[in-house]
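Each of the two complexes below includes chain A, the first together with chain B, the second together with chain C.
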Partner chain A sequence: MASLQLTGVKKRYESVLALADVSFDLADGQFMALLGPSGAGKTTTLKSIAGVETPDGGEIRIGGRLVNDIPAEGRNTALVFENYALYPNMTVYGNMVFPLKAPARAEKFRAESATQRVFEVARTLGIASLLERRTWELSGGQRQRVALGRALVREPDVFLMDEPISHLDAKLRFEMRAELKRLQRDIGVTTLYATPDYAEAMALADVIVVLREGRVIQVGTPTAVFNRPIDTYVAHLLGEPHINLLEMEIQSRSGRLAAVGQGVEFAIHPSQAELLRQRVTKLITVGVRPSEVLVSPTEPDGGGDSGTVIAVEPRGATTVLVVRAGGQQVVAKVGGEQRLRPDSIVWIGVKPESLYFFERESGARVEVPHGEIDAAGASR
Partner chain B sequence: MLLAIWLAFALFPIYWTVATAFKTPIDIYQGPKYVPFIDFHPTVMSWERLFGPQNFSFFKDFANSLLFGSMSALLAVLLGAFAAYGLAQYRYKFGFYKNDDIAYLLVSQRFMPPIVAVLAIYITYQKLSLLDSRLGMILAYTAFDLPLAIFLLRNFFEQIPVELEQAAAIDGYGKVERLLRVVFPLAAPGLAAAYMICFVFSWNDFLFALILTFDNATTLPIMITNLNTQMQPMWWLLSAVGIVVMVPPVIVAVFLDRYMQRQVLRGGVR
Partner chain C sequence: MSRVRLRSVTKHYGPSVLAVKDISFEVADAEFLAVLGPSGCGKTTTMRMIAGLEAADAGEIWLGERIVNALAPAERNVAMAFENYGLYPHWSVYQNIAYPLRLRSISAEEINTRVQKVAKLLEIDDILLLRPAAISGGAKQRVGLARALVRSPEVFLLDEPMSHVDPDFRSQMRVELKRIQRELGGTFIYVTHDQLEAMSMADRILIMRDGVIQQLGTPHEVFNNPVNEFVGGFVGEPPMNFLPTRIQRGNGGVQLSLPNGGSLALPARYGGVVESMAGAELRLGIRPHKIRIGPRESGEGGAPGSIYVIEPLGDYSIVTIKLGSATVKVEAAADFSGAYDQSVQIAFAPEDVLLFGADGALMMGTVAC
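Entry: the complex of A and B
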């Protein structure tokens, strides 16, 4: 176990810039999620830490030790590959004992204790009965456990996981998510977990690092990143259905501020009004999460904007509605079964305190001064 | 039906050779005789001659053929595997030459008629005293097999997901160990096929042996030709030798077939 620091790590493949500037600190024993869509640089970051990719610049430190010039075999990391990368020429046991028989660890795990260690880990993962099997005889979930087991047996300084459960079916993914969380807590190993799925990142991690095109754009605890996204990109990445981003204008309505755009009007909460009043440009992007959109089939007392339902997606306990109001399209997530159907007329509204305001040009959130990153959760 | 016709064409010469090996000289020269015990009486005369006391060099040449075939194929596959791995996993650039160009350059050596190379090798070997030596023959065959082995193996190495070798690196293994313990075992079908092709090439080769050897390092093809030309054509004996010559490549093929059939990459990556 060890801490992990990346400082200005860069990597370019022929014509593609994979990592522009990746820096973050991961404390000993922490669970950090690298969140970003495919192509954001998650895999390259993990492989650079493991030592199978060589960054063009920047520093990587494991436990304070600069490892840039140490080859992969000398770093004592473990990486669970997205495609598992099991050795097809070995049995499950062969795969799991392989890291323990490596020259670097042969001293630490003498033959007998190596076998014992493999059995121990296999039992924890529930694959003790599969040890004699060949890799092609395993199901996807079993392969994933073997890959996990092969990573765990060695007691790594840093545990790296590259979308380890993204190819499992939904039910198994949910189970493994809980199991990974438990495992990480039990073992207490420093873990970096790459995923494109915000729910996975929020469920598992102590800290989330959001990557975009090879750059770290926000670091924070799951709730901080979710509730105080630094820009529209982060706001859009976290949350399902995605946050509504509406192009609006700040206008004064009988002394109070409101966001107005294409036939939709939202009142602005007094606590945010002061900041918005001082702005030079009145053009703004307003964000509102679908769960914060209020939908009623009749006109509410305070008034509101009427719109037409264009799609209804029942999800059991909740229903997702797509409403066209004026020139805007708003997605709402409402509780319970809805008797609404396409073409129904509804009134939409929002709680003023639930609105996010972003710069129209840069997408940066208005409340957060540029350059300040919320690192409240980065050290506990 | 077509297959049956083709099979008849393919197998008849082999049958004829086998039949001839059990005939007496008289039966051979009396025109076509096909069915043993009816057309002619089988004898083991040629076989007694082949394995008994003899005035020709069957055992020495057989051993030479076996030695050259197995050793040059082993060297070509071993050296070829490292070269092919390099071409598959690294990006090279020498001036205009990139990986594909290098691979093409290597294979292009096989476009050249071997006779062109043989004369140069002859002169070189004369200076190096490698003429008619076993070492010289192994080296010559290795050099000639190598391009084909590299070409063949490169494709196999390209099919191995790079993550498998990366996993071995992270698991704590150095470069050479990664190759020997993970990469090469996964290329087993390719290694087996390349070995087979290289073995058969040197086993069948006539030209190199004809020009570069004359006594010590002669091989079976040379011996067969000598049997034909130095004495009267002893078809019965030639046929017996012919059958013996067919056997080792078949054994090699049957043995290596197990490796070629295996689907080694199954179950490794998702």
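Entry: the complex of A and C
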């Protein structure tokens, strides 16, 4: 096990700039997710670390050692692909011992110690009783363990995973995600995991690195990235349904501040007012998560903006509503017991402390003191 | 527009594969029906028989007031969109969408209006002049969908029409498609393996498995009252938890055992049904959002367990709890915190529980929905 450090890594494929500037620190034993859409540079980053690609610039250090000039087989990383790619006709033992027979490692793991090592790892992963089975006989969860086991027998410094569970059916994915998180923690192997799926990144990782067009744009714990997105891009990337981003303006209403736009008005929390006061009459983008939008079929005591339900998506435990209020379209996530129909008239509101504010032009979030936002986050 | 009826329809492929087994159902005029199931359940075969691309071995297929078994696809007046595009490669996107209208002696002006309108709705109006080879898989699917929607047939048949569309755009398309269906007043049959698509768009969902209909009901019905474990586990995310349970007498009443020494009062609605089944092995279904982590309050049931994994997801967390050898997933607050292997109690109310027999079928007694 070891730490991993990237500093200013760059990579260009002819006319395409794949990595513009990638830097991050992954501590020993940590689980880090690289999150971004396709083309963000996730796979190129993994390949550069594994030594399958050569970066044009920057430094890659594994356990403090500069590895830029070390070939792939000398780096001791384990690259785990989509669906884990096991050899279906080999036994579990055959799959797991396979990497130890590679010429580069045959010296380190002689036959006896190789067998020993496979048994050890199989015991850790709870698959010792499966060693004689063929992999096609195994359940999805067992296959995941075998694939991780095959990578582990080599005692890699770093696990590099490229969307290993994204193509599984939904039910299995839920199981495997939890299993993978627990296994990584029990084994303590440093892991870098690439995914376009924010839920996977949040569920699994200790730290998320958000990549966009070959650049790191935010690094933080899952909750920090979700609750304190650096800009509208990150705010939109995390959360389903997506955050509402409404074009509004800050106005002063008899001394109190409000966000106003196209027939919709939200009160601003006193803790945020100080910072926003200098932006009165300024155009701003207001963000509100669908789960923070309050929807009422009758006019609430404090008043509110009325709107029309234009779409209803029942999901079982929750229902997603699309409401047109004034000139704005607002998505709300409410309880599954809510039985509104299209064309119903509703009132919408938000908890003032749940609003996010972004510069209209740059999309950057207006910094509000962290303590305040933490308090808002805790009230969710 | 018209209703669609299938009566005792069966389809084999070769001597050994029974793809669809004696299915009967009716889709009302202007209804949005989703046909949901895993791959190999017979949903696509069913769709292809309605379209006329496959012949049924037995049974009747009705479109409106006609039996259409003997009619060719072109004679059935259905519009189709499939997972794999079926676009003409040498034509532009515009020509592909306009094609079904050009066959029908509609004026060029009218064709243009309709193509532009549907292209705008599906956000492909900027690629109308490109050839299919120049656009992404997701865009091709949208073109296929536009080509179906540009017509006004009796029935729209859509088979996984969004599976290659970028997930980001898919949620927007779900809303649009549902709205288009309401505006057109069209009868839609929509095949999908994605329970979220089925739940969010359909008036009713037909759930299939191994060529057999499992359940036909509204999204609320199939979510709250699944007829068997398969439906309970297939609809809803995260999936429903299933635990082994046994009926036992104790503490002055009939109880259900829970793993790890836990127990639960017998839900009232099961009283008459299972009280006499003492000792019988059943399965208990409980949704993740109905379980609390914390000491049980009066009237609740519960069991001791330990935290296995915590997955924060922003709006909420999924917490996996080990109850001995059994496992449950719980939807907990976004800021739920706890340590790995920490001892906890889970609790839930008897009325939120469903009981399934050894054969997987729901025992009598349903949840209000």
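By definition in this document, the second predicted complex is superposed on the first by the 312 of 380 C-alpha atoms of A that agree within 3 Å, B and C clash if a C-alpha of one lies under 4 Å from a C-alpha of the other, contacts with A are read in each partner's own complex, and residues count from 1 in each chain.
Quick note on the criterion: contacts are C-beta pairs under 8 Å (C-beta built on N, C-alpha and C of every residue); 3 or more make two chains touch, one makes a residue touch a chain.
In this text the structure is predicted, and so the values were computed from the model without any measurement.
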Does the superposition put A:V280 against chain B (first), chain C (second), both, or neither? neither
Please work out whether A:K47 is in contact with chain B alone, chain C alone, both, or neither, and reply first, second, both or neither. first
After lining up the shared chain so the two structures overlap, which partner does A:A178 touch, if you call chain B first and chain C second: first, second, both or neither? second
Please work out whether A:N89 is in contact with chain B alone, chain C alone, both, or neither, and reply first, second, both or neither. first
Which partner does A:A203 reach: the first (chain B), the second (chain C), both, or neither? second
Residue set of chain B touching chain A in the complex reads 161, 163-164, 166-174, 177, 182, 185-186, 188, 263-270
Chain C-facing residues of chain A, complex: 37, 169-171, 174, 177-179, 181-182, 185, 198-199, 202-204, 222-223, 226-227, 238-242, 289, 291, 310-311, 313-317, 320, 322, 333, 336, 342, 377-378, 380
For a test of understanding, state which residues of chain A touch chain B in their complex under the given definition. 47, 50-52, 71-79, 81-89, 98-99, 102-105, 134-138, 140, 143, 150, 154, 167
In the complex formed with chain A, which residues of chain C make contact? 38, 168, 171, 174-175, 178-179, 182, 193-196, 199-201, 219-220, 223, 233-239, 287-289, 308-309, 311-315, 318, 320, 329, 331, 333-335, 340
